[in-house]
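Letters A, B, C and D mark the chains in the order given here, with residues in each chain numbered from 1 onward.
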């Protein structure tokens, strides 16, 4: 019996581990390392209505236990994604979560409508939180009313469940979560990156051409855990958690906080095998900790509950 | 000629490096390692009107390149600080910045009034951003109107310039900075800690008794740099920067971002000699980089300026 | 006087399952004033892992300037510490805290030293020093299981040594308190997990008992207020002791545990 | 096929001021297809520093399965790399990217290899392979100062080697472009800082020129889009090449630099 299978709106997952959007392209590169069917799901790179080049380089900088990125949503546009990337991915037995981005409400609605029809797209991830895009992007993720409206509009056109990706760059994350719940979201993914910056010692100027970038990696994990802990108690939507995950232990910590599945981003760059390694390590870790199924871990940090199996034994 | 002396409202500093509040007690412990007169200034531990025990233990947890703390403003109360700690510190030739905290506006005003009279207190640091205190504390740091009012009230009673310490846990840090500027602040100190959490793998429960804690250390540096970069362009107040500083290079990066002085917090725990080490390393680093004085570095990330001396040479 | 010193590792040996003995040469050894003091170790030159790790001094020799530390490989920091080798350098802050009061027993009296798991190490030097002044010493050491047992022979040299294991794979099955029932003493010194210390504090309200506490630490030197515990019988509710500087050893009843 | 492999360090030598030569034994050496490919190195088992470091393959031998990497100790990662010793293990991802096209010159023709600073290493294997097929090879290598000069003798074995130093402490004072003025060639290969590459691209618009670019990288395998550059003459403004997988070597004029 599997300890790892999970069901979420639109998603029947073999296991709750998936690569995070923007950190896995459309899967081709990582398919050289392992069979993508091993993954719980794949969150593909953001799709916009039109092709986008993104920001000038340098686009990444390193920080202590983290990195900054300012890719700027480079992508070939939804048409090409639907015609080329998704069909290629359909050779694998793995559900796709399509990350949807845009600069205007109309953009989001257009992309959501088109991409949600693709046969292997089982859910959308509404990216209202990309900190690297000038035009509007971030406002969707920081003003509750705007986020709610956008969610509602996208829900109206989407053929599949809609997960909304929250930005951590807000005073009150719970308010944002409640807003997207009220807008009809089927789930929440969190967190996107924290806005950060690094300066070059020699020139004094930002290392990133875009000046600021999104902070990801182990450095942000405590912020992600705190926010998931807060949000999971305030809304009744399932949460796909992310932010600095690099081991099976981290996955359990995200579940304890309140996640029902997780995504791994930056760690893919460090270790291309990180997702299958974590998937492989989880059953033994669950065994050690005394859980029969990973779902028993969700929300243990705040739920009143019985002791795990091994305490009972 | 010193490359390091700096003047700020109320403060004539030999050098711009000082220990951050809460990370240096009232100086006694570190005086066993070196002469406190070497420091630019000392930001002493938060003072409240009445003695406070703070939160239950565990109060600290480690994270990747960072730590969480939930001390809860433990302190002996302003009376004892004024009668015992400050007189002891007066043996050193070093200006004191007194960190003022409270649960109500009245508290803040009361402490500010009393402590600003002490002869070696040259400035106040208004702690409107401590994330570990339940009653009210954080609201002062996240609502611009509230912060402005508090600043105004404290300014009315303070005998010395008032620096306001900003919380990074907000959607819009510039708005907060402008609010305290409008309230009459003489300077800004930033950043306080990011709210974070860690869970125990075995129990599933938070490691900190207070559940959440404040994230500090190198992990938060890119967030601090970004916020100082934004705020220094938006207000005309001097900024004392902090958040993850552990080397002379880091100090320069904070200056580039827009700081006019810096504070070192967590790194004192790792290396008790960190402040004098940094102060000692700075002149040579400035020499290498071609600056005659550290003040030339302030705001270079965004200022239009001439090349540094060595480029000109 | 505490010092921050780059010390030389003389040897590192795995003495039980995941238990390592580290012998270090350092000037700061001459500053040690009592068994039960500890050191605060920076396990890497980098800033991750960030915090120092507090480890008790297990034994020391001010003349050779050597001290022995015994630690369990557990999390990130002790893992890295377990990868160190003879000849490498280690950044150590110490000696820290107040150790066990050796003066509280006189020659001819009996002291019982109670240790649980990684609470056992500091008792070794204590035993040496008590024995040297003519105190009769009995050791009661508790471990999880036989593979975790260490230093039994070493302790045997100084006095009768009882071992208890939780799973009964060695010595008495059960806890140190089970063994203690049959032992008479003038003074008890203990170091180990909180439930054990609490049981001892409650079990011997009228006897001389000294307990070494553990708490998560930031600075280790009294500056950060991470490691405080409440004083007992404090009407104001704000008085406290710091484990790092006032402790780690307290007289039973002095603080709430 | 690229591989992720835990490789063994055979030797590590400082060959100039802060310049290290690392010889590594690895199965992945057999997968190398051209000079100018690179590897992506994880400098520690921990997660700080986080990102891998891209380093060119300087030379390799598929039979002995050894490759040589040459790098400058600079930031945190290369600092740690410089502390590694023979016998230690290193996590390497590679070979990555497309190297220099050796077929673009024929026996009897002349190739000039232009390197600047840490752009010099990959030219070494290129020189070997070109010479082996009968191409006449000339090297023009630029460094900051005499202390930074390395591999002059090694290059001399394969062809005439000119050195330029910015401060004039060795060879010609000035830049590689100053030396190049007097040299005729059929094909030019270059690796080094962007201003140098740009000067070469502009200076020889009608000749065969291949340039190896550098860009900050995330994944190194084409997944993260950190390392893109724009294609030249692209009306849509959205077409691009990735330095990590389409490069690092490009024909001059192919992409905007």
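Everything below uses one rule, namely that a contact is a pair of C-beta atoms (placed from the backbone, for glycine too) under 8 Å apart; a residue touches a chain by one contact, two chains touch by 3 or more.
Everything numeric here is computed off the predicted structure, so don't read it as measured data.
Student: What chains, if any, are shared contacts of chain A and chain C?
Tutor: B, D
Student: Taking each chain's centre as the mean of its CA atoms, how far is chain A from chain B in angstrom?
Tutor: Once rounded, the distance between the two centres reads 34 Å.
Student: Which integer distance in Å separates the CA centroid of chain B from that of chain C?
Tutor: 36
Student: Take the average of all CA coordinates in chain B, do the same for chain D, and state the distance between these two points in whole angstrom.
Tutor: That pair's centroid distance is 45 Å.
Student: Going by the contact rule already set, what residues in chain D reach two or more other chains?
Tutor: In chain D, residues 47-48 touch at least two other chains, as defined above.
Student: If I count partner chains per residue in chain A, which residues reach a count of at least 2?
Tutor: 63-66, 217-218
Student: Chain contact graph: line, ring, star, complete or other?
Tutor: complete
Student: Where on chain A is chain C touching in the complex?
Tutor: Touch list, chain A to chain C: 64-65.
Student: Give every residue of chain D touching chain B within the complex, in rising order.
Tutor: My answer: residues 47-48.
Student: Enumerate the contact residues on chain A facing chain D in the complex.
Tutor: My answer: residues 22-25, 28-30, 32-33, 45, 51-54, 57-67, 69, 71, 74, 76-77, 207, 217-218, 246, 266-273.
Student: Per the contact definition, I'd like the list of chain B residues that touch chain A in the complex.
Tutor: Per the stated touch rule, the residues are 63-66, 68, 142, 169-171, 194-199, 201-202, 204-206, 211-212, 215, 217-223, 225-226, 229, 244, 249, 252-253, 256-257, 289, 297, 300-301.
Student: Can you list the chain C residues touching chain B in their complex?
Tutor: Within the complex, chain C contacts chain B at residues 1-2, 4, 42, 47-52, 76-77, 93, 215-230, 236-238, 240, 245.
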